[in-house]
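To keep things simple, chains are lettered A, B, C and D as they appear, and every chain counts its residues starting from 1.
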């Protein structure tokens, strides 16, 4: 593992101050008007999307979704459970002749009950607040009530998350056997070094995928504390890069996007607090980047056409997604 | 409405016989080997996908998903309800100061409970059986139990439903103000006439979208019996076309894909019984094709790159999807 | 239907004023201390309970619960649906031999997803607020958050709702064929007249059941708007009687306990606003009183031992209950 | 711990044979007619119930229900999770002024999603099968399908589980500090010795509660493997006593009623296989008997009036219950 000597210094005792300063520097409120509900997704224009489609060469497609089932990592923290999938009708019923349909037709139907953040997902703009304020400066209690997010529900971006995807395989660049250790803080320098090594640039409107390798480890060793425990992830100090790069969204193969334990003595997801309500940035979590990463390592091409369309549950502050990368 | 004088004749009293004959003619079992779980999705090759990406010109994207919320059409038939979305945390909680997080961060999380066939969806290959037999000739009770579809669960095709989409706006071609009346049976002749009028061909591996206009009507007049009542849709007589055209999948803007009332005196979704377990065809239902159709009518281009990646609920016999068409 | 000439006069244009006055007159805050969480359930002492047990003569028992299933009256208002019951394992699976258990054992398990107010239920003390204030004067936002009712959750009374039940069959006394018409406001005079006719008294700590006959009608004619539409029920003017009588709880065979349409031009359940947060009274709704009422009419005995123990879902503001009356 | 030298001998290698023999000896099929759906609940007559009510002296009531919340013991085995309770409306919403109700009324509603066997519960007669056969000799696949138990659903006994309860505190009699160790098999001798020590008899129609002390231990030490792991419980050899005693039902403070590991080398809940489909006996699991046991130890009275009315989820094979014992 390469040691990074240039990590910006953080005062571990002052998350409030660091967050306030980073939020102030990077706040995008009103950048797209007072009524905006799409945040950084505004960067992803039709022109970017059209250009991204031209990245498709072989037609190989990769699902970046983890499974949605009871074998997932959730342990019930804040009532986040794994999905419970049950059947309304089955093949055993059909064969037993109890369905009552005519002419030999039989059927199976099913139901799912799940937290919208249980597996591969987008955080919506109503997912995190900064001192009671949501994206674009709106009071959080006027945005997200028990009825859901009435303003920035995930349905507001359901039609457009398709564009240029770029994989930054930081795990491969800086990890051992492709895996960063838990607690590894990915800084801007790590990101830039990875881009350089991969010979790929990140620009306005891109959908950036950061692979840490933690999921590879969990798949091999068991979930352990994947859902909420220590993990590699983005350093708080990348807030400025997240803003300045003008990316449309960023996703990781981890539960919580940012490095855990967080980089302050007492903190909870401080980078989220800057990124979502202040930058208006879409964060993806629990993405499975391994098959794609293997392909990228093989052909040296780290850019692709990415469609990551969330299920438009009206008013959702997060949403399950099956992202498809096509190369 | 143009009357079609060439509709094949069906004996309304003999669905068993008609289904058996159509199944016999169009059965694809073992076409892709005894272990196959992907059915007609096998037609959608990387080459097709790569060619499809070249259809993207402007970069305009269209979500073909209806909403997922309590305002949907479901009325509880066979326990199919509308999605129930509830919050685990809210902005009102955050502002009330009851969340207990440090440094001013607040959050919102949510949960959904829903039938997998409640809104825009793919039918999986385990959704329908023919006399107790599932896709590729497997006994239905060895495929779909209370634990779900252990063989052809939707996750088996979760990585690849991205390719050439073709919209056949039959509603616009044969309807009044773009809407076919309920009970209108779309025959092969209607499909071919629409292709001709739209100057577009359908071929192997395509993802075909058939717009009837019923959703347009429901949106204007209220759901009524959209979920399970009378509807325009594919005629049973299209079974051979569905097979011979070698399409990968087909979707409509209706609840049940095929015309309702069905074309036999006593019947329940007879075309499903041929299409899913025998042809191995993927059917999409409750898609919202209106915005895309408007664009296609405007520019005269009815083909596009379509990504329709289902949420991979393990073992699901159906799955919610937010299909994205890019032109 | 007997007309009641003595209904107290209400100013239909001033619900605010009427509610404030009734709340002021009947407020029980601090009656049982500042920490109280049981409200009027405090009236139901061990002595009352012991005396009530002596009412059991024949040992006949009556369930006062409606069914919990998809055939219920809920239509989705504010996401109140009927219960969705699904199976985790079935007999068809067991017989198909797919369960994998040893020595010939097979099993069935099940799951339910339901609003806690979907069928026969108790309203908890956290169910209704008066100008943002909950029972005993607590700020509602310190009592009921997205985590549930942290103070007066239904579990706080789960051990003690067993005592003397009294059925007041107002439907039989004042209705046609035992049924009050929708919109019929049951006043204190109606209650007293019914007690007189039935030769039964109501006193401190009693669990009072008021039968209107609306459920009888719904059972015969279909649900219609049973869940939220017009209904017979308690008049707003009974607030003082509800307080002064020192009953522990009161339940009806209707969706909403009080008469609907409510007795003000613009109002929503005004009697709840007095009864729950101010009196601290437990309200039962959607109870099935018909079989019990028939028995009471037959033997002329309208008092019994009643156990109505809610399922103690921690933090619930309402709770399903299967009340058992024993005579 | 007293060693019991008289435990009947079991051939640990032959569960099939032992189960078949015990089932043959104790089978109650057709005892109450071919159409019977109530099994041993038939023993609980009105006369028994009336006599039981006379056991109430002080009016002290005890809830025997564990909590229903995310802090429960379930770990997801066969999709048995802890209950997920979410809010449809909250006090924080009400105070934030976002509910839109008139005259200052605010409200809170809630939803639960839970396995019916997640916490304190009755096993219904459709819960277990013996070689594909359910209670009274019915084919299991004609009884319990994906639609639920269409014959012996828990609603069939919802009106009558109220009668004489008897607590057998075997933990207190044979345990250390009131707790039997995991793996302790309670035999008929243990039951009889406890009755003798407690000076109480068990007879026809009784509802018997067997306290092992395992819940006391779990409450102190954490759940551990309470849900499905090792536990004290009824020995397989009590099958004859369960039958001959003519009790109406029996419940324990453990997850699985019978001793675990089970008393055969390879087995899964063999006593259930005799008790439910053959004897037609109702089993209660996960009951909280501690407060009641403490009271019984204090006053030496181990009998009481017990109401244990399951929530009548139509077709349920198990059901949550809040049992209330009144002394």
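Here is the rule we go by: a contact is a pair of C-beta atoms (placed from the backbone, for glycine too) under 8 Å apart; a residue touches a chain by one contact, two chains touch by 3 or more.
What you are looking at is a predicted structure, and each value in this text was computed from that prediction instead of being measured.
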Contact network partition after chain B is left out of the picture: one piece
Selected pair, out of A-C, B-C or A-B, that shares over half of its residue contact pairs with C-D: A-B
Selected interface, A-D versus B-D, where C-beta contact pairs are more numerous: A-D
CA centroid of chain A to CA centroid of chain B, Å: 27
Averaged-CA centre spacing for the pair chain D and chain A, given as whole angstrom: 45
Residues of chain A whose C-beta touches two or more other chains: 79, 84-90, 92-93, 95-96, 98, 111, 113, 141-142, 145-147
Pairwise touch network: line, ring, star, complete, or other: complete
Complex interface listing, chain B residues touching chain A: 15-16, 19, 45-54, 56-63, 65, 67-69, 71, 78-80, 83, 85-92, 94-96, 101-117, 126-132, 134, 139-149, 155, 158-162, 264, 266-270, 272-273, 305, 307, 309-318, 320-324, 326
Chain B to chain C touching residues, read off their complex: 70, 76, 79, 81-82, 84-90, 92-93, 96, 98, 113, 141-142, 145-147
